[in-house]
Amino acid sequence: MIKIGVVGGTGYTGVELLRILAQHPQAELRAITSRKEAGMAVSELFPSLRGHVDLAFSDPAAAALEQCDVVFFATPHGVAMNDARRLVDAGVRLIDISADFRIQNVAEWEKWYKMKHACPELIPQAIYGLPEVNRVAIRKARIIANPGCYPTAVQLGLLPLLQAGAVDAAHLIADAKSGVSGAGRKAETHILFSEASDNFKAYGVPGHRHGVEIVQCLAQIIGSDIGLTFVPHLTPMIRGIHATLYARITHEFDFQKLYEERYARERFVDVLPPGSHPDTRSVRAANTCRIALHRPQGGDTLVVLSVIDNLVKGASGQAVQNMNLMFGLDESLGLAQVPILP
Amino acid sequence: MIKIGVVGGTGYTGVELLRILAQHPQAELRAITSRKEAGMAVSELFPSLRGHVDLAFSDPAAAALEQCDVVFFATPHGVAMNDARRLVDAGVRLIDISADFRIQNVAEWEKWYKMKHACPELIPQAIYGLPEVNRVAIRKARIIANPGCYPTAVQLGLLPLLQAGAVDAAHLIADAKSGVSGAGRKAETHILFSEASDNFKAYGVPGHRHGVEIVQCLAQIIGSDIGLTFVPHLTPMIRGIHATLYARITHEFDFQKLYEERYARERFVDVLPPGSHPDTRSVRAANTCRIALHRPQGGDTLVVLSVIDNLVKGASGQAVQNMNLMFGLDESLGLAQVPILP
Amino acid sequence: MIKIGVVGGTGYTGVELLRILAQHPQAELRAITSRKEAGMAVSELFPSLRGHVDLAFSDPAAAALEQCDVVFFATPHGVAMNDARRLVDAGVRLIDISADFRIQNVAEWEKWYKMKHACPELIPQAIYGLPEVNRVAIRKARIIANPGCYPTAVQLGLLPLLQAGAVDAAHLIADAKSGVSGAGRKAETHILFSEASDNFKAYGVPGHRHGVEIVQCLAQIIGSDIGLTFVPHLTPMIRGIHATLYARITHEFDFQKLYEERYARERFVDVLPPGSHPDTRSVRAANTCRIALHRPQGGDTLVVLSVIDNLVKGASGQAVQNMNLMFGLDESLGLAQVPILP
Amino acid sequence: MIKIGVVGGTGYTGVELLRILAQHPQAELRAITSRKEAGMAVSELFPSLRGHVDLAFSDPAAAALEQCDVVFFATPHGVAMNDARRLVDAGVRLIDISADFRIQNVAEWEKWYKMKHACPELIPQAIYGLPEVNRVAIRKARIIANPGCYPTAVQLGLLPLLQAGAVDAAHLIADAKSGVSGAGRKAETHILFSEASDNFKAYGVPGHRHGVEIVQCLAQIIGSDIGLTFVPHLTPMIRGIHATLYARITHEFDFQKLYEERYARERFVDVLPPGSHPDTRSVRAANTCRIALHRPQGGDTLVVLSVIDNLVKGASGQAVQNMNLMFGLDESLGLAQVPILP
């Protein structure tokens, strides 16, 4: 059994992580911390966990996280970096679902996240936890930078094209739509039910942190610069990301075959038959990314549709997938659940 | 492994049954029938089942249902009764998620369901599949009349009071709210998104089939007549039933204790601490009923709040719970999943 | 033209009031105050008002409210009572959409609203602004206590029965469902989109301020005590209240006729034909209350269905209706808009 | 007063047209036809119209449409073209909210709408009813082809760029998101509440009728070919279209100024300040298009955000705007309503 600590269990990635771990045959939850809710039973805050998680939130200072095999950070940005040194030195592996270790360029990170990084020396050790790209490195990692939700959907959707050199990499467009849970469980006006329901809007068009993350990772993979216009939108649904990706074809391929072969051995990437339009609910509460390809009117623009559940493949599910890899388990252990439909 | 047939796999109780059975360690799906979709892969209609269910829909006439151990009917009312005789004679057990065997009084059934019953002689053999009441009989049953969604929520909410003789059984009120999936996956105008969302309404106030079912079952349990005003409402959510129950107290009890003791050994009924207000999402996609008790302002009216997922404890989950009982398995096998929140 | 001030224009009753007043032929908006947003254009916070409201929010201290003919308070509870004395002394009429003047018994108010009342001596002057009951007094009022949203729907639904002495007034039940905008535009976790959508729950079952308001007002009308069990629920829609009311019949009437006659001359109360089930969207964005009556199975329990838009007839629309009465205008001036459907 | 007939009053564009006309000071509704609901009071089908529309649906054959000044067609495609000749010959003006007269190339129309056109000889007389482009011609038109909802949002968003020759017109991208009411009030499975809510999907990516309409109209305006990748998506909201438009800059302009000047005198197009992100609810139930411009990271791709209410500026509101022009009225008569927020 893997001894597990969770820092920050009161947000949506936290409760989703607990849901998955509570059903994972090798997971032994040791501590769930929350400064604010210390002492309260986890299942009092989240009655959905009654009978599944018996722990109470503990104060981060008091939790014996050093005795865990792995600690997940389901915290706001800027928390994991403060605890990382201590845990890594104690031999604990760390999976950071927040963004503290995603951007290799510290100055860039500090610009976009508007704070000083607490342990820049650890960033080079962190492995970007997208198993479909970094599986080998993940197995040996001490620190996992778990990918953002948009970056997961966009990268899985664009990877085969870029690795094949099939499209104009300087002018990619990612028009992405996210359910409201992607904004977290913070008390903020713009994500109130009466603001966000029966409504649709773009946000962050001038620039968004996830755009930087995508560009960095894709550029590393293909070894040259990337140009991306990334426009996220807030969609009146709880879970789900739908990325609609546009790329200008520069070299002809059998694109359907290209994708099917690239992902043939990937358990959590599902390339749909030609002509498909994946809906986000087809992956609701599951760790799957579904992808479909279109070439409208036979033109020179390829359209890729990529859907994930932002809280699972876009956050906590992928984090557990990474844990499975790090501890030599079957990559899909505890992650085989059927999506919830309707 | 239990060899299983499913008749009518294209509706919401059907796809939910497939979701549960696909993860059930003792279930072997043999056939899923649909007259209309015969030949189509199940996962084409429901991409959420890709990789989990490999069967295609088969024509009801061609499916070798007689070779199954159990056949579930996830059909509209009036289908199961036509196949029941043949299957029962072939030694197949039958779990009818529709209403064909729920009402013992044939004339009453025919009045409310507006058709002639095809096998009235089998009705007395059918066991009403509410395990919390009929567990012993269910184990030996050949035909299970799986309870309706509203009746499950209302009966579990009222049972302890009625069995204790604590309230005026002649003037019960059940104000019940259901998610739209309770209306099925039929193409009907009133359940279109643009009609049912951002909207709320009562329906069937003059009389509703489920009112008859509740009255019959509760009257049998306490051995005397019941008076119930039952008002269902359509609520803009996909899944979930919230029953708000009102009863006039005639004999004083420690009501919290009464409920906790009544359900102490019930795996799927969760009595919440005093002061609780269960929300429907706390049981989303799970086979649990959560109940809370209130006595507003210390008056003589008791308010019971009872929530279920209409497609799970209110339909397909309860059907699998019944299957487990019929085949001597652990009652909760394949039904231990954590609710999906948010 | 009526010179109008609005205190607290950043909440939902505020923006709804501005929407209505912007289209009112006799309304001249002079000042809209907000301590927090002072200086910002109203249409910057609410782009829906671009081209309709040209004012900026002003600081409450700086706004010349004394020079208005009438001042609306669309504030949280506890604000209006602090300004009331000054405005009344300046000859300004005051319409308080919050609860500061609704409860005649000061001790009761202080218990439920958990603060000391700032001007108890003005409470007796305040007229409860339910035009269907207090039309004559409203015309001459200096201070209007605009009714709460639930109380409007429940009182209009029960009035004819109680005034006729037709039912057991000691055991009334009001099972009420409200859209989330009823909770206001405050940044609170429980009304986030991801908490409140696809979910349903009761709240405040042990006791709710609006229950007290309803009981006080109905008791005054019939001149004797009232017993009411009031259970509010949070419903995943933006606007709308649906009150389902249960009363035990003590004297027989032609109830349909009773209601039709009681409301025959009421412009904003619409008694539906027998057998109807009003949906909340049928009054969306309009100042109408629609009511339908049912007597299920011919029993002794009457079921009344009453729907309003909580922000219009349940708040700002009714406030303008009161203003019309106070200034001798046609009661429906500026309030004749057709509901928005779908 | 303008004598008005409405053919097809049971769909969403129909009921929205009735809502607007009921409040229009110069509109006199003479007949509302529905083959299926003939004889039923309009307000029985749509209780929101109680007290506002007193007519009953009449049979199309019996309605004296020839005596109207103008007849609106709020019908499925393929109906208006059958009645057009007769009405035009009788001197009646015709505003077709469906697509029968939108595509000038008959073969193209027949290919996309999969039927034979009944009166190809009338197509050249039809004026495409986008007032911001065709105002002069609309005033004298006998037949108006009212634009589609997507085409309205996309064209208003792209017009200034194309007319200025500022972007690569051969590689435009329109990623458009529509509320579900855009699919009409037909009983179809995919737009059921339980299918379309808490879900998001693209559709029609290989090709969509509205793409053809947009390309034809924009090409006419600039006098040369257009290349457009148009991807529509179904969004879980009732009303609203959000078009996110991408264009590669070929000639530099002050784009904000370009848009502000182009639409300076347009009553129903609102160019937002730099940095804005319009939400669809900011135009809910109103005849306004709001537009914002972005140039992410100062690159060579311009992003235009364009929102409308699909039932108003995208259908019935624009139809009334056209009527106002045709009858010499103030273009905004009856269309000045404030959007509904929240």
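Residue numbering begins at 1 within each chain, and the chains themselves are lettered A, B, C and D in the order written.
Going forward, a contact is a pair of C-beta atoms (placed from the backbone, for glycine too) under 8 Å apart; a residue touches a chain by one contact, two chains touch by 3 or more.
Source: prediction; values computed, not measured.
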| item | value |
| --- | --- |
| Most distant chain from chain A by Cα centroid | C |
| Pair with more cross-chain C-beta pairs in contact, given B-C and A-B | B-C |
| Centroid spacing, where centroids are CA-atom means, of chain B and chain C in whole angstrom | 39 |
| Inter-centroid spacing, chain D versus chain B (mean Cα positions, whole Å) | 45 |
| Gap in Å, rounded to a whole number, between the CA centres of chain B and chain A | 36 |
| For chain B, residues contacting two or more additional chains | 12, 179, 181, 185, 194-195, 197-198, 236, 238-239, 278-279, 281, 284, 342 |
| Chain C to chain B touching residues, read off their complex | 171, 173, 175, 177, 179, 194-195, 197-203, 205-207, 211, 227, 229-231, 233, 235-240, 242, 244, 246, 248, 275, 277-281, 284, 294, 296-297, 299, 301, 303, 305, 342 |
| Residues of chain A touching chain B in the complex | 12, 15, 19, 22-23, 46-52, 181, 185, 197-198, 238-239, 270, 272, 276, 278-279, 281-286, 290, 336-342 |
| Chain D - residues contacting chain B, complex | 12, 179-181, 185-189, 191-198, 236, 238 |
